[in-house]
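Reviewing the structure listed below.
As written, the chain order gives the labels A, B, C and D, with residue 1 at the start of each chain.
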Amino acid sequence: MRRRDHIVWLAGGLIAVAATRLFQDAYSISVVNLVFIACLFAASFRFVMLIGEMSFASAAFVGVGAYGAGVATTLLHWPFALAMLVGPVVATLVSIGFGLIVLRIKGPYFMLIGFAFAEAVQIAAAQIQVIGGPSGMVGIFAPRILDAWMQSFVAAVVVTALYLLYRLEWSDFGRLLGAIQNNDNVARTVGVNVLGAKVTCFAVASFMAGLAGSLTAFVNNVIAPSDFGFMLANFALVYVKVGGERSLFGAVAGATVMVLLSSYSIVLGASNELFYGAAIVVTILLMPQGLAGLVEKIRLRLMAPKAVRREA
Amino acid sequence: MGGATSSLLRTSGLTKRFGGLTAVSDLSFDLRSGEILGLIGPNGAGKSTVFNLISGFTKPTAGRLELFGRDCTGSSALTISRMGLVRTFQHGSYMKAMTVRDNILIGTLQRLRGPARRKCVAETAEMLGLTSCLDRIAGSQPHGIQRLVSIAIALAARPRVLCLDEPLTGLNQTEVGGVLGVFQRIRNEFGTTILLVEHNTKAVMAVCDRIVVLHHGQQLAEGPPLEITSNADVIAAYLGPRHDR
Amino acid sequence: MSRQMMAKPLLGAAALMVGGLLIGGAGPADTIRLGLSLPLSGGGAIWGKGTAWMCDKAAAQINKAGGVNVQGKVYKVACVAYDNKYTAAGGASVAHTLLDRDGIKYVLAMGTAPILATQSLTERQGDLLFNLSWGKATKGPKFPLTFDVFNSPAEIGPAIIKFIAKTYSSAKTVVMLNVDDATGRETEAIMRPMWKKAGYRVLASMFYERGTTEFQPTALRLASYKADIIDLPTLPPPDAGKVLKDLQTLGVKGVKILDDGTSASAVEATSGRSALDGVYMGAAIPIDGPSFDARQRAISKEAKAAFGDPVNLVNISGYDAMQELVAGIEKAQSLNPHAIAKALPTVHFKSFYGDVGFGGAAAYGVNIQPLLPVYVTQVVNGKLVDRAKVAVSGK
Amino acid sequence: MMSATFVQLVIISLEIGSVYVLFSLGLTLIFGIMKVVNFAHGQFFAVSAILVTILVPFLAAHGLPVLPAYFLATATTVAVTVMIGWGVYQFGLVRFLRDMEGAFILTLGLAMLSDGLMLSIFGGAPRPEPVIVPGTVRIFAVAVLAQHVVVFGAAVCITGALYWSMTATRLGKALRAIASDHEAAMLQGIPYRRLSRDGFLIATALAAIAGALMAPISEVTPAVGNDYLMNGFMAVVVGGLGSVPGAILGAMFIAVIEAVGGYYVGPSAATMAIFVMVIVVLLIRPRGLLGRA
């Protein structure tokens, strides 16, 4: 990253966090929170896509994050900061173990084993009565002092996490991940521990997924196993694809648009699923490169000299 | 280690069977420090399998592999590459979607930290004449450049042994000449030992110090180019009646 | 990949976000709206759609009769139904939309997980919650603004067990099967002790995952206990249908009970007629029986045409919640949820079943339960037959 | 007693397995040819099952005996479903051949869209199922629903026919060539696009036939396809994506766990065991039991 990037991030982040102060009514706040959390989850999902894999297991890691917050707050009465972090840390540890085993598998097998993992974790969570079984946990509140600042807190956490992910992506480690996606054998032949790099990538993404889970728990105050089924990861993939997977900002834009769309489509009552499904289909057909691809196209169109435009 | 005649890589009785098919059978050869050794043979002779065996991508059915004086039979690709043996692949040993610069950078990751990586990338690119296209996407470059990028990645790891799998395929006469020059400079400037698998017999004859000929998974002959060209078995099996082409 | 073009998508996203928040908002000032948080997609959609339809039915009747009079001002009533997807997260979204965006102060929520999410808002923000869940966890003195709208296992269980004890005096053993979700777990936690208390031996109590498609191994296991009574409290109709069909194939005799079974026709669709014959239901409405009149039958017929199911215990809650709310408002002469909550335990309202008051202190510690009759029905040749009508005691 | 239970469990396993085989064949075919995972496979199944429950009573009301009515209904349903499949392929999937992410999202969107559509068109109530082959059959003194026997027989026939056509017909051979190496197949002049369309339509037809066969024994609601999808995924993944024998093996694997686990440990634990066992199998054989590297 160049110096300029850091400055843009700092400025953009501050603006984004400050902008959350514009929203003061409870409904807007709830939507803003959902948007930011979805951005983080989408970015986490996309981070694994850097090595060319789709991790539907990440839905389970969001769940682990949420339950970490729930258990730490309501059962153990740990301080807030600890409760925020325990879920992500556990998610990271679990993902390292899981990753060391399953990241040897690639493509559709990895994807479908992720489905199985998410389902298994969801069922397992519902069996444990201490954490509320299938009913889940209630009363997961952030300290009162955050009441008026929750949306800004969520924004700050998410923006910081996104910044870290962005830095990592544009570091040599990020380039290595790209190389693994392109041609993992080359990386292996020059002495790079490919499995190690993949597991590291997976662990980072799972930490972020866990963080998204912690935030979800504190924002919704109530969590249940059914919130963390594989559909959650399906939606993360939708966010990334709708926004455009080539850039982190694509994932952010996709998450923002789709969460707003789904918040809006609630008013359609029974037709909301139909509407949301149609939105996904139309978007992927009309914009295979996502919103970012569309923006890029428009930019090229505007910047291109007339001759090129005629050709196109 | 590393006297002029010491052996960096030694295979003894190396054998690989896939089910009923014997791809490599009882192969024993030495790779001596500082030389360029050619491994030739007709299609299906088992060259690629040999490459996979010595780079740890496949495990031998029988036999022994010794690298830098240590027994490496059955070691993983990662272990072997970390010991200093780096290989390329026949079909695209580079990352299409990344810039040439980032491609070469991957080769430095394991060995170097911090600014040293950038320096190494620049040096390697300079040596292979890639400086002018460092910021281009590798996949968009001409075929000859792509071949050089593959070699550059491997070279950026500064291996003691560099194994190149058909690096000249698809290059024109001029490009072949350039790349052969690069091999010699690599050997001379970095002291890298090179194992070369090639179809292009003429090029192999021109650049290699010694040649091993494979035929149906078996070692047919071994020796300096002149000796090989006059070996009757080789002529019969591989070079054909017109060995002067 | 260009790193400089980050500003544009960010700006675009921000614009969209602001735009999105401006959409929607409050309804007309002279309308009292009851928010409905229901499953309107997926497997539970049939319940949600039916409940929304019944709420609209009640609203239409109330409006036709002149609306609600509060301190001389006349209000119309309306229902606003959103899809909670039967999840906590979906419930939280819907609750925020109903309460915070639409400014609605009265909500009916279905499903334990969505109710938990809704309740954490309603109780904090001072809104009224009508609770449509089978369990007890979300009802009681801890939740002063939460009211029940229908008979849950706490009411149905005793009626059924009493009836079974009287009818099958030699039956001594029970096996139970429930769906492994909040509904199933909570219901099981209520029903199992009830059987024990009544002197029955519960040989086994099993759970299965929602979405299970094959029930033969489960049926085989149920059969292996050779219990006198097979209790299937929370099985959704298609699952109940499959289990009954498989039990029939295995030749299992035993008394079969669907405590929360709401619709004979929905179960029969999957089980076939003969497998359902003789099965008892605790939550089905014998609409053609003597307890109901032509007006109620007409509504049921209309409902069946509208969404495929006749009226049942669950979807009637949409109707009753609206009636409860209106009765509470009229009694309190106020739109304030606290005032309504104070008035509700003392009101009588025009339930679908007729005029009823509140009770339930014995089960919940507070009088939040409308004292609706429990109908124990038996399916005979595809028809629901009244076997017992039990008035829930009003203590 | 022990052996009676054993026979019972074997029969149940075969019954359940045949259901999963019918569902998985299409999934594995689509993966083999297009290298995509079809999330909307269950919706084709559901549409077909629903249409059968509508058509059979309709035809019966017009005087047709139940068996001819069922066959006519099934034929119509398969035709309609394949037409829908053609539309999905031609206007959507064709752009996402070998693009797993794109195709996955498209089919996910389609699944949601069609769930919503089916719910508003047909309602959410379970549809009354036609009784095609009534009664039970005794096999080794174990009572089995006759309809289950029909499904099992049909599964065997369909699988056999598919296996035969994949190995003996020109289309089948071309499809297999594509599945193993589509570039080489294209170099040999095999029209990849046209054949992948044909493969997709065959898979759609398989889903439709499965739906029609299952209508009399499964529940029939718009959501039914989603319930089968997960076990279908697990079956093809365990067997090896793209492999027809693998789908059979995988389906039987899942069925045995479900039957034996469901009987001895309980249904909830059996569901959990399926996922755990799938993970374990993939760890030992990363490309499934019969998958190729």
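We take it that a residue touches a chain if its C-beta (ideal position, glycine included) is under 8 Å from a C-beta of that chain, and two chains touch if they have at least 3 such contacts.
Predicted, not measured: the structure shown is a model, and the values here were computed from it.
Asks: So which chains count as neighbours of both subunit A and subunit D?
Replies: C
Asks: Give the chain pair, either A-B or A-C, that is connected by more C-beta contacts.
Replies: It is A-C, judged by the count of C-beta pairs in contact.
Asks: From subunit B, which chain is the farthest off, judged by mean CA positions?
Replies: C
Asks: When you take the mean of every protein CA atom shown, which chain's own CA mean is nearest to it?
Replies: A
Asks: Just give me the whole-number Å value for how far the CA centre of subunit A lies from that of subunit C.
Replies: The mean C-alpha positions of subunit A and subunit C differ by 35 Å.
Asks: How far is the middle of subunit B from the middle of subunit D, if each middle is the mean of its Cα atoms, in Å?
Replies: 49
Asks: Averaged over CA atoms, how far is the centre of subunit B from the centre of subunit C? Could you give it in whole Å?
Replies: Using C-alpha averages as centres, the distance is 72 Å.
Asks: Centre to centre, by mean C-alpha position, how many angstrom separate subunit A and subunit B?
Replies: Roughly 43 Å, centre to centre.
Asks: Residues touching two or more other chains, restricted to subunit A: which are they?
Replies: Answer for subunit A, listing residues that touch two or more other chains: 123, 270, 272-273.
Asks: Check each residue of subunit D and list the ones that touch at least two other chains.
Replies: 115-116, 119, 230, 268, 271-272 - these are the residues of subunit D that touch more than one other chain.
Asks: Mind pulling the residue numbers of subunit C that touch at least two other chains?
Replies: Residues 41-42, 45, 49, 180, 209.
Asks: Judged by the touch rule stated earlier, which pairs of chains are there in contact?
Replies: Those chain pairs which touch are A-B, A-C, A-D, C-D.
Asks: Okay, in this complex, where on subunit B does subunit A touch?
Replies: 55, 57, 77-78, 81-82, 86-89, 92-98, 102-103, 105-107, 109-111, 117, 150, 153-154, 156-157
Asks: Applying the document's contact rule, which stretches of subunit D touch subunit C when the two form their complex?
Replies: Its residues touching subunit C are 5, 8-9, 12, 15-16, 19, 115-116, 119, 123-129, 131, 136, 143-145, 217-224, 226-228, 230-231, 255, 258-264, 266-268, 270-272.
Asks: How about subunit A: which of its residues touch subunit C in the complex?
Replies: Those in contact with subunit C are residues 5, 8, 12, 16, 19, 23, 25-28, 30-32, 34-35, 123, 126, 133-136, 138-139, 170, 216, 220-224, 226-227, 243, 246-247, 249-250, 252-253, 256-257, 260-264, 266-267, 269-270, 272-273, 291-292, 295-296, 299.
Asks: Which residues of subunit A touch subunit B in their complex?
Replies: By the definition above, subunit A touches subunit B via 172, 175-176, 178-179, 182-183, 185-194.
Asks: Looking at the complex, which residues from subunit A come into contact with subunit D?
Replies: Those residues of subunit A that touch subunit D are 49, 54, 101-102, 104-105, 107-109, 111-113, 115-117, 119-120, 123-124, 127, 234, 237-238, 241, 245, 270-281, 283-285, 288.
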